[in-house]
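Okay, so here's the structure we're looking at.
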Amino acid sequence: MKHAMKVLDAGAKGVYLITVTPFTDGGALDLASTDRMVDFCLEKGVTGLTVLGIMGEAPKLTAEESRTYVKQVLARVAGRVPVVVGVSSPGFAPMKELAESVMALGASGVMVAPPGTVRTDDQIAAYFDMVNETLGPQVPWALQDHPVATGVQMTAPVILRILKNSPTCVMLKHEDCPGLAKLSAIRAASDKGDLGAGRRVSILCGNGGGLFLPEELSRGADGAMTGFAYPEMMVDVCRAHAAGQVERAHDLFDAYLPLARYEQQQGIGLAVRKHLLAERGVIASSAVRKPGPKLSAADVADLQRLVARQTRRLAELG
Amino acid sequence: MKHAMKVLDAGAKGVYLITVTPFTDGGALDLASTDRMVDFCLEKGVTGLTVLGIMGEAPKLTAEESRTYVKQVLARVAGRVPVVVGVSSPGFAPMKELAESVMALGASGVMVAPPGTVRTDDQIAAYFDMVNETLGPQVPWALQDHPVATGVQMTAPVILRILKNSPTCVMLKHEDCPGLAKLSAIRAASDKGDLGAGRRVSILCGNGGGLFLPEELSRGADGAMTGFAYPEMMVDVCRAHAAGQVERAHDLFDAYLPLARYEQQQGIGLAVRKHLLAERGVIASSAVRKPGPKLSAADVADLQRLVARQTRRLAELG
Amino acid sequence: MKHAMKVLDAGAKGVYLITVTPFTDGGALDLASTDRMVDFCLEKGVTGLTVLGIMGEAPKLTAEESRTYVKQVLARVAGRVPVVVGVSSPGFAPMKELAESVMALGASGVMVAPPGTVRTDDQIAAYFDMVNETLGPQVPWALQDHPVATGVQMTAPVILRILKNSPTCVMLKHEDCPGLAKLSAIRAASDKGDLGAGRRVSILCGNGGGLFLPEELSRGADGAMTGFAYPEMMVDVCRAHAAGQVERAHDLFDAYLPLARYEQQQGIGLAVRKHLLAERGVIASSAVRKPGPKLSAADVADLQRLVARQTRRLAELG
Amino acid sequence: MKHAMKVLDAGAKGVYLITVTPFTDGGALDLASTDRMVDFCLEKGVTGLTVLGIMGEAPKLTAEESRTYVKQVLARVAGRVPVVVGVSSPGFAPMKELAESVMALGASGVMVAPPGTVRTDDQIAAYFDMVNETLGPQVPWALQDHPVATGVQMTAPVILRILKNSPTCVMLKHEDCPGLAKLSAIRAASDKGDLGAGRRVSILCGNGGGLFLPEELSRGADGAMTGFAYPEMMVDVCRAHAAGQVERAHDLFDAYLPLARYEQQQGIGLAVRKHLLAERGVIASSAVRKPGPKLSAADVADLQRLVARQTRRLAELG
């Protein structure tokens, strides 16, 4: 049975967690772990899920596996929170095919990052005109600004130009670094009505994997879209901040920061995240598909120490 | 009916043409033009075909379109020459799926380039160990060395290391630039028996789109694997060279060089090639899928002049 | 004695040759060869010289050597043609110091390329505002657009924006590839008066080392700024084209193209150029400073064949 | 008077601080602030200084300014700790000139990073053979491994190969990320005697600007070489760790981590550092030379909050 889906809209806030894709030790999709992971995220208070992103090992899945995984997530979520699906692609035909297929399965919207081949302001803007043409007038989408991964630098004016040209773009996934000035500029333009009367854009942040979350919330971000083995960090920081408890938000953030920093090391971060999720009992295996990193005994020892310290510090904070 | 396929082997020589993927003006696959293109290539004397490469707009096709196109090409070729299919992929599961699928359809072998994420010698060698594991012991494959597109620099010693570790790698598609020294080194090692007793590797070149073909043949290349709207250039140059007519090979090459240089401009080269193929009556439409280049009136005028001059010069040469 | 210098202005046309820096076999500056090289260029008909560019091994010279070399060139030129000096630098203090120093020595103008750290349209435009501030109102300068070397993509609108903001920028060194569309756009804007009443910009081309010269002249380029061991090629092509003999210009160009293509291989091109200049008796040694390429016996044999064929073909053309 | 200089050797440990270059508001070198900064660093317990690095705005200084600044630092240090000078350069002649000049002024050693043009293992190793030839047998040097800045990936085996070929290379500045596995491998090889009987290498870390210091010390690093407006953090963490107080080292590190993370944002980090040093009274002006970042009022407010929180947390820790 397909559940009434939630449509992604510009009012989105809180934490859209970027999920891992659980595999068995042998490397097959692990659907039981997928269900447990969905339950875990919802229990921790996430307000949305994002699947088939880079940290979801999307490019390592076959087309059939991608569909199976998305179906399983959507069935387990059962309409309780919106689910966004990454559809970035070097070609518009595959993007269209994937977007139509996941929307038909019940996704709430899609997310698109520019390919590394667009460089200048005009090329970037023209690319997203083609994205709008590809997705059509019915599919809400999120614009992913992630220069470290894409190599594409989009200034605040260019992002505003894209937003103005894109009636169905309801969200910015902001992960430029340094990015606070850009975030302030886009939030101010959205607040001033530059996007059109009554139009706003949801801004969810993922800069450095959430490593600037308290500052981003102070600059007007609506929440976070990123991954971390402790999604309750982002949830609790967002809640404290929304309640006006800014110092409390920082206290919580700081308690998790040493581990978050360790998990955000490019190249082994995904292995760290899956190891921690397996330790927490969320997924059965920490397996990452090849080519991918493995943790050493020394890495595992580092994590044990950091988790123990984090647990202690959170207990102190109460 | 499936024809007895030719298996790709280390004796491959001559011209393996990298085909374009013909579309209608509306952007749909054009299977009638596909058939005409296959006939045209075989009439001009190519000894193999390579499909789903970058210049074949492979990333812009849906999975279903890719299969349809490969099937059509294989059916039309009907076993007369080997057909190689590009299967480079950011993940091994999709690579395995595509390789198995095209081999089942009757392909002769596959081609793999490294992803931009591998950088050091050890990473490169380890990557191709995983490629061997993925393709298994039955699928002959070609190693694509194309740093301009991949960003991966593979030295001659690294390529030899890969070849030694890869019993089923039968061909090097050489397109590093400058690349003549590397080509000499690999050919010498292959001739000396460094790859193992009785083992050689076929080396087909594509440096700059064939812009160094006569020199490459003198260094021991077995032929060319690249695209050009006038495949007879490569065929005739290879034949003259093989017949010991080196100056004649240069004469022919030089006659085509002004146009080949123009077609090899990165970014608009594919539009040039499709324009010329449409002018020659091979394909019905010069359409390139978005995002892609378009020719201006001035570009078309340049091509008219260059084709007219080429025709004159070839007549002079007789 | 300092000669009356020629000031670089927007009327510049013909061939501004990018010179090599001659060394002795031992690697020291070779000032006698420097003099011979200047004489050679002027005899062949170049209308300007450009020194301290990338192909001049500028970064491998000490500050003292740079000054010595520039002085020697200026003394030998003795005001007969303008001399442009490359002053691109990661910092504005060193750029200012070098520009003031070479202008004081008698240079005609300077040339600036953007650093790889500027990426967006606004960053590029802001960078050249600072260049104007650095160079002041007296120093005429050329804007170098060379994405392959700098990684910076400047669209035609951005270049026009820079030109409008830069009263002392009198020249565009155009070497984007593909670049013909950009060249047409900038020439059209300059002709229409978009740069201001009565203002034009000189456009000299170097795309691929002059590999598109006839087409560039047809699009309105004023000439070439690049290097080649046979500067008479560029001079004669420009003269024929200016005289309305477009087919003759192509004939000449085509005769040199096989060798020019060989010399333009990135990485060994400079070694090829110095080898040919030494063979022609212009410089005493073909030495390139480390780290730098060396030619093999096979490379030298390739060059012998290509030069012999070029000589024959030129004789045929008369 | 020139003081007896300390020679850089493989026994180096503790904190080699990468200094900023203080300017006046008008952008001139500020030598009084330079003296105060040296005093500040030594009071805080650094065991060495590194000047003319990237964060020292070295490329924005004229040659004369560089000499003036190095002289001033050396005079003020007066032989109390070793001073290392960055001499990375695109050419060996300028590298030799700068290295000889600073050693003559009393520097303790130099530091070299590879240029972005070397890519393969063999190219990297060959490059450092030329560095050894350039520096000669008397100048101790540090190898800088900083892929984010250079684009050059040096594996542990390649670094060991360089160390074996370089009798005068006494130190590795380790700042690859993720880098803990590489650090473990190199320390193990050094301990096992792989570098030669009785030979070791000092390893100072700067990964992410010291963001992994406690873990690096546990893997056998000898200390840190990086910059931070609170050098006492690195000093105290190293001391606690050396005293076996690992949890204490983590406690101290964690207290500074939120601010360190903020200061390590690429692009505005230097402006943050100079702002904090000016606030602490170390330097008179926070001016960064163009092209460079500026802080907004919101950035300054972020810093005020982070410094206040850091002060509170350090007081809690005692």
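Each chain gets a letter, A, B, C and D, in the order it is written, and its residues are counted from 1.
Methods note: contacts are C-beta pairs under 8 Å (C-beta built on N, C-alpha and C of every residue); 3 or more make two chains touch, one makes a residue touch a chain.
The structure displayed is predicted, hence computed values, not measured ones.
Listed here as common contacts of chain A and chain B: C, D. More C-beta pairs in contact connect the chains of A-D than those of the other pair, out of B-D and A-D.
With centres set at the average Cα position, the gap from chain A to chain D is 34 Å. Distance between chain centres (mean CA atoms), chain C to chain D: 39 Å. Computed from the mean C-alpha positions, the centre of chain B lies at a distance of 48 Å from the centre of chain D. Among the residues of chain D, none is in touch with two or more other chains.
Across the interface of their complex, chain C is touched by residues 119-123, 153-155, 157-158 of chain A. Against chain B, in their complex, chain C makes its touches with residues 177-178, 180-181, 184, 211-212, 215, 218-219, 247, 250, 253-254, 257-258, 261-262, 265-268, 296, 298-299, 302, 305, 309, 313. For chain D in complex with chain C, the touching residues are 57, 59-65, 89-94, 97, 117-118, 126-127, 130, 289-291.
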